[in-house]
Amino acid sequence: MPGNTFGELFRITTGGVSHGPGYAVIIDGCPPGMPLSVDDLLPDLRRRRPGQSKIVTQRQEEDMPEIWSGVFEGLTDGTPITILFRNTDQRSQDYRDIKDKYRPGHADFTFDAKYGLRDYRGGGRSSARETICRVAAGAVAKKFLARKGIRVLGYVKQVGDVVADIPHPAAVTLAQVEATPVRCPDAEAAARMIALIEEVRKDQDSIGGISELVAVGVPAGLGEPVFDKLKADLAKALLSLPAVTAFEYGAGFAVATARGSTNNDVFIRKDEHIGTLTNRHGGMLGGISSGEPIVCRVAVKPTSSLPRPQPTVTRDGEPTEIATRGRHDPCLLPRFVPMGEAMMALVLVDHWLRWRAQCGDTVIA
Amino acid sequence: MPGNTFGELFRITTGGVSHGPGYAVIIDGCPPGMPLSVDDLLPDLRRRRPGQSKIVTQRQEEDMPEIWSGVFEGLTDGTPITILFRNTDQRSQDYRDIKDKYRPGHADFTFDAKYGLRDYRGGGRSSARETICRVAAGAVAKKFLARKGIRVLGYVKQVGDVVADIPHPAAVTLAQVEATPVRCPDAEAAARMIALIEEVRKDQDSIGGISELVAVGVPAGLGEPVFDKLKADLAKALLSLPAVTAFEYGAGFAVATARGSTNNDVFIRKDEHIGTLTNRHGGMLGGISSGEPIVCRVAVKPTSSLPRPQPTVTRDGEPTEIATRGRHDPCLLPRFVPMGEAMMALVLVDHWLRWRAQCGDTVIA
Amino acid sequence: MPGNTFGELFRITTGGVSHGPGYAVIIDGCPPGMPLSVDDLLPDLRRRRPGQSKIVTQRQEEDMPEIWSGVFEGLTDGTPITILFRNTDQRSQDYRDIKDKYRPGHADFTFDAKYGLRDYRGGGRSSARETICRVAAGAVAKKFLARKGIRVLGYVKQVGDVVADIPHPAAVTLAQVEATPVRCPDAEAAARMIALIEEVRKDQDSIGGISELVAVGVPAGLGEPVFDKLKADLAKALLSLPAVTAFEYGAGFAVATARGSTNNDVFIRKDEHIGTLTNRHGGMLGGISSGEPIVCRVAVKPTSSLPRPQPTVTRDGEPTEIATRGRHDPCLLPRFVPMGEAMMALVLVDHWLRWRAQCGDTVIA
Amino acid sequence: MPGNTFGELFRITTGGVSHGPGYAVIIDGCPPGMPLSVDDLLPDLRRRRPGQSKIVTQRQEEDMPEIWSGVFEGLTDGTPITILFRNTDQRSQDYRDIKDKYRPGHADFTFDAKYGLRDYRGGGRSSARETICRVAAGAVAKKFLARKGIRVLGYVKQVGDVVADIPHPAAVTLAQVEATPVRCPDAEAAARMIALIEEVRKDQDSIGGISELVAVGVPAGLGEPVFDKLKADLAKALLSLPAVTAFEYGAGFAVATARGSTNNDVFIRKDEHIGTLTNRHGGMLGGISSGEPIVCRVAVKPTSSLPRPQPTVTRDGEPTEIATRGRHDPCLLPRFVPMGEAMMALVLVDHWLRWRAQCGDTVIA
């Protein structure tokens, strides 16, 4: 099946390109009776928006959602929620060079290889502007989760070699994250990250980083054994975002040097339920949520588009150079946070509904 | 939808538990006319089999596949390939303790939380024995890929702090991998890995590691933009395997400290086609294969089951201890390699068929 | 999964309601490189449009599609085709009564039962205006099929007790169908159908009928054995249209009184290929196309909305009356034809792509 | 996606051929905690079994199911239910002729056209023996439905020109259906049907018929608007069965001659809920269940295999004759009933689970 739909029971389908009239997202399967309005979408859209601070791209996009269906008299009505975004600040002329040259690190070449042609204006369908649809849908998902006592929050854990010290991921608050434009709740590290991003921008370069994502309040029992493990669906969801090159949860790659005797988390009784003393398992055992906070991390590569000239080839394979005149982020991490949260929220709602479908008669732990 | 099916066009569904009569896998969508027999399945099944060497579990499982349908007069006939495995060496008595105690690091607790009951014999549905189905299906997938010039190969990159030196992943051969029981093509590192695993086993403990997986010959153009990016589907496929806690491709987590100017791979002309000078992008750009080798890595945690006593709780939350009397692997990595290859192969066949469906009129690069 | 998506490889997702801002359809999986413009969509949209003749509803809807993505420089580019329709002539006041009364034959009651609330304006999501999305997508599908030598055509076979005489379904032409506003290629029957519809309208009533749908040029080999038989997918596609209450293909219900010796079609050689002497099997054997014309029929019930008062109950179960002040069709059949064609075309493209995915190496008969 | 899987949330996948070792069905998504054993499967399997009476085929198939997984200590455990059937009475020699000749009315030719080769032994994958898997899965589905107060029952409505008089479909009992080998609850008609079938058999011929299927106790609210209407999914489910050529629900094809004023069912209050005075809508409005009994009918063609010689062609197109030496049913209807019930039950469970997933917070009517 084609790849523009995500999710099974809470399912989004997106269409649109960066330099056409706009984008549409159809959210299917949202339970009825939930209050919803444009105001619920705006906060995360603003966290994603270009031009929100000096350390992100200075493109100005209005990003005002129009809800065309699925909400009636202020409540979701169970039918598909259709949301539109119109493109405004496009500056197509910025992208003339791309037509015949392959931008390093971008999908220009692979789109041509796959389809035989491509919309070369600003990346077309491969533009990260598509994530505006995901962030809007993620806001709907987060609202549903909140009603079930589940909160999803992300932040920037690392930019370049600046690593934040966040000993208690589940205790981080939205206010702490939003306190700095870089969305790192460790204020001291945030300052150094901002300085690094500034330096990189002046150098006409870009820098990568790591975002950590946390879900608290997830009941034990979400996720399917075997193929649709919760960890597997989170990995797919996050790797489906542009520029993400790696995913880990809990101890992640550090398990490579761990021994079983120290890596296993010990089960203990916690008040009325069973939990674990530590959380190296990142809230998932056997691919199913354990009731402990779900904690994962993803790596985001440095922006591929650079103002400085980079060697490349033309469609015909002739050597040439390209410098991106468009306005791009020197570091993708600050704007990535709401995107990562959105994908995590979409997966969690989907599995919550799948759990209710099959196990709705079970008393969840 | 329930989670026991994987893939869209080349789709496998598995059923069975470790201590029931056996397993069944139904492979749907295999193109007709391909020679196939049990002999095609045996090599990878043997690489996965317990008891194959002194550094893996000494359980003896016959693992002889029975093909019940889908092959007629030696050729696949386009209808579902049904393969069965009977369980033999079960030793149910080894698992008595598990009934009322939650094994650390296992899915016992989360299955109970989800379903309200569980088959406690040897992990039941959460047993890694289910991967026998995947390895058999993966062998079919690999055979199809080979006919299209695509080869999938994995190996052990790291065990504990022993890291292999493998400068050219695409040049590693199956013979090099199979030369040592630990499946590490760097002979010197392999020796140290084996020594480490022996040491860990004597210590009644277990150790984690990293496996690297490589696909060569993949044409540019496989993978879908947006949600079903090739990188996303590979991440899901590999995270769906038991004990996998992390995935990265190309530069992976190292992009966090990289700058765009050095992380981007430069496009160049290579004979008749376009490629890149380096392969930090791990063979995928915009989620679509670039024609360069696809390279990814996954972390596999140390076996959770340990012969030494570990603290835990009973179903009622009472503190207790558990020691696993079953025979388990001190290190999962050697047997993981064919499982990882299988999942990679399944994803590649699926995307190859999806490519042919939509873009079969395009001349692939 | 939610029910607003249709198809596997050529997949459409629709959103929108009759009295909101408009509708969106996202067509995913269309092969790249096919010329496409708004002009390709208009003919079928006009055949579906209200107000097109005196025997259909006199509502005036502009129904002008806006293509937001998926077409670049006049060619499909392989990415999702997003098409929007704005609602214009809504007259919301016509529907005040519906808020608290259940219209007989409509989905008002069942929507309330399912969702606990409903958009009562003009049927909301259950409005047949949603088929505008299907007809647009169907036009894209038909264009693709035409490039593969396949033509889909429907017409009105029966209205009330007026039955058309159409001895050679595969020989009917679009010009014959469009020659009369009732879309019946038997001119004499068409005249009587029109007179009957006029009579029914004057009587403030409505009348049902039967539409026959034909696909010619379908190669042998489309359709999947077992569950996704071509006949099964056609049945689902057509029953998913509003007001359709029955489906049959080939001899259909007449097989009940047939004997095997007369019902079986005899295989014969036809030039270079094998075909059948007769076509009681309606072009499908074992759920797979045989190469003979695919012929099926569906029954469409009389419009449920009537200008005359009908007894019903309120949401609280109190007896009341309702008369529909909106402008409705006295007979749905003339406007049904392009809807039926669209669904048939969508199924055929989907199976054509599925065939290419799995059997692209087979030489199709 | 390939066509050997059915359902979204209650999903079955089948593999196997008539003349291989046997069949496997994997039932995925069954809620946990439901008592289940082989004894629950046997009654419907016996109703489907060949040789059960003198008016069906005299093949003797044991049809004893083996449950390999998904049931633990007598309860479903939420993991896939794997059921196997071994083939026994195969008599391969009966089918020698089929290898090079195309049986009229069968899938021999279309399988060759699609796949380029086929398992010619007894129809291979196209054999109706595959329905054994569906009937077993249907028995599981029926058991789940019964726990929710829903009952599915089918019977034979017509054989040839013998039409049963069944004024109250919802009142028919299983005992009435099983009272005669032809499964027609109208005893007088049943006798004439049996006589007709005997006559046809003596004539080395076969005869078609109609089966009516009824579900009572279905709450209002099941089914999805737009594409996955309950009527659409029932149509697909039933048309996916071999030999079914037509489907209708409620008034069905009779709506063609009906007027809206008489076809609409009037809403009335019934005790505590809202229902309709009549049930021409067959229990579904807008594709969603109304709470009234769901009533549908399907036509089943006369058995294509005949003992008498029929003209046909060889694979090379040469004219020849074929007479089926296998033992076949002179009328498929008696054995069809449990197959039809199974498909209806599978659809209802699936939609019940889908309803609970999305609308579990809604109070169902």
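First chain written, first letter: the chains are A, B, C and D, and each begins at residue 1.
Note that in this section a contact is a pair of C-beta atoms (placed from the backbone, for glycine too) under 8 Å apart; a residue touches a chain by one contact, two chains touch by 3 or more.
The model shown is predicted, which means the values in this text are computed figures rather than measured ones.
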- Query: In how few steps can one go from chain B to chain D if every step must land on a touching chain?
  - Reply: 1
- Comparing A-C with C-D, the busier interface by C-beta pairs is C-D
- Message: Taking each chain's centre as the mean of its CA atoms, which one is most distant from chain A?
- Response: D
- The distance between the C-alpha centres of chain C and chain D, rounded to whole Å, is 26
- Provide the C-alpha centroid distance between chain A and chain D, rounded to the nearest whole angstrom. 45
- Item | Distance between chain centroids, defined by C-alpha means - chain A, chain C (Å) | 39
- Each of the following residues of chain C touches two or more other chains, namely 1-5, 8-9, 14, 29, 32-33, 78-79, 114-116, 125, 225, 354, 358-359, 362
- In their shared complex, chain D is touched by residues of chain C numbered 1-6, 8, 14, 102, 104-107, 109-116, 125-126, 130, 158-161, 200, 205-210, 219-229, 231-240, 242, 244-261, 263-269, 273-274, 281-282, 284-291, 299-306, 308, 310-313, 317-319, 354-355, 358-359, 362-365
- Message: With touch defined as at the start, can you tell me which chain C residues reach chain A in the complex?
- Response: 1-5, 8-9, 11, 13-17, 20-24, 26, 28-29, 32-33, 66, 68-70, 72-73, 75, 77-82, 84, 114-119, 124-125
- So in the complex, which bits of chain B are touching chain C? 1, 8-9, 29-33, 78-79, 225, 353-354, 356-362
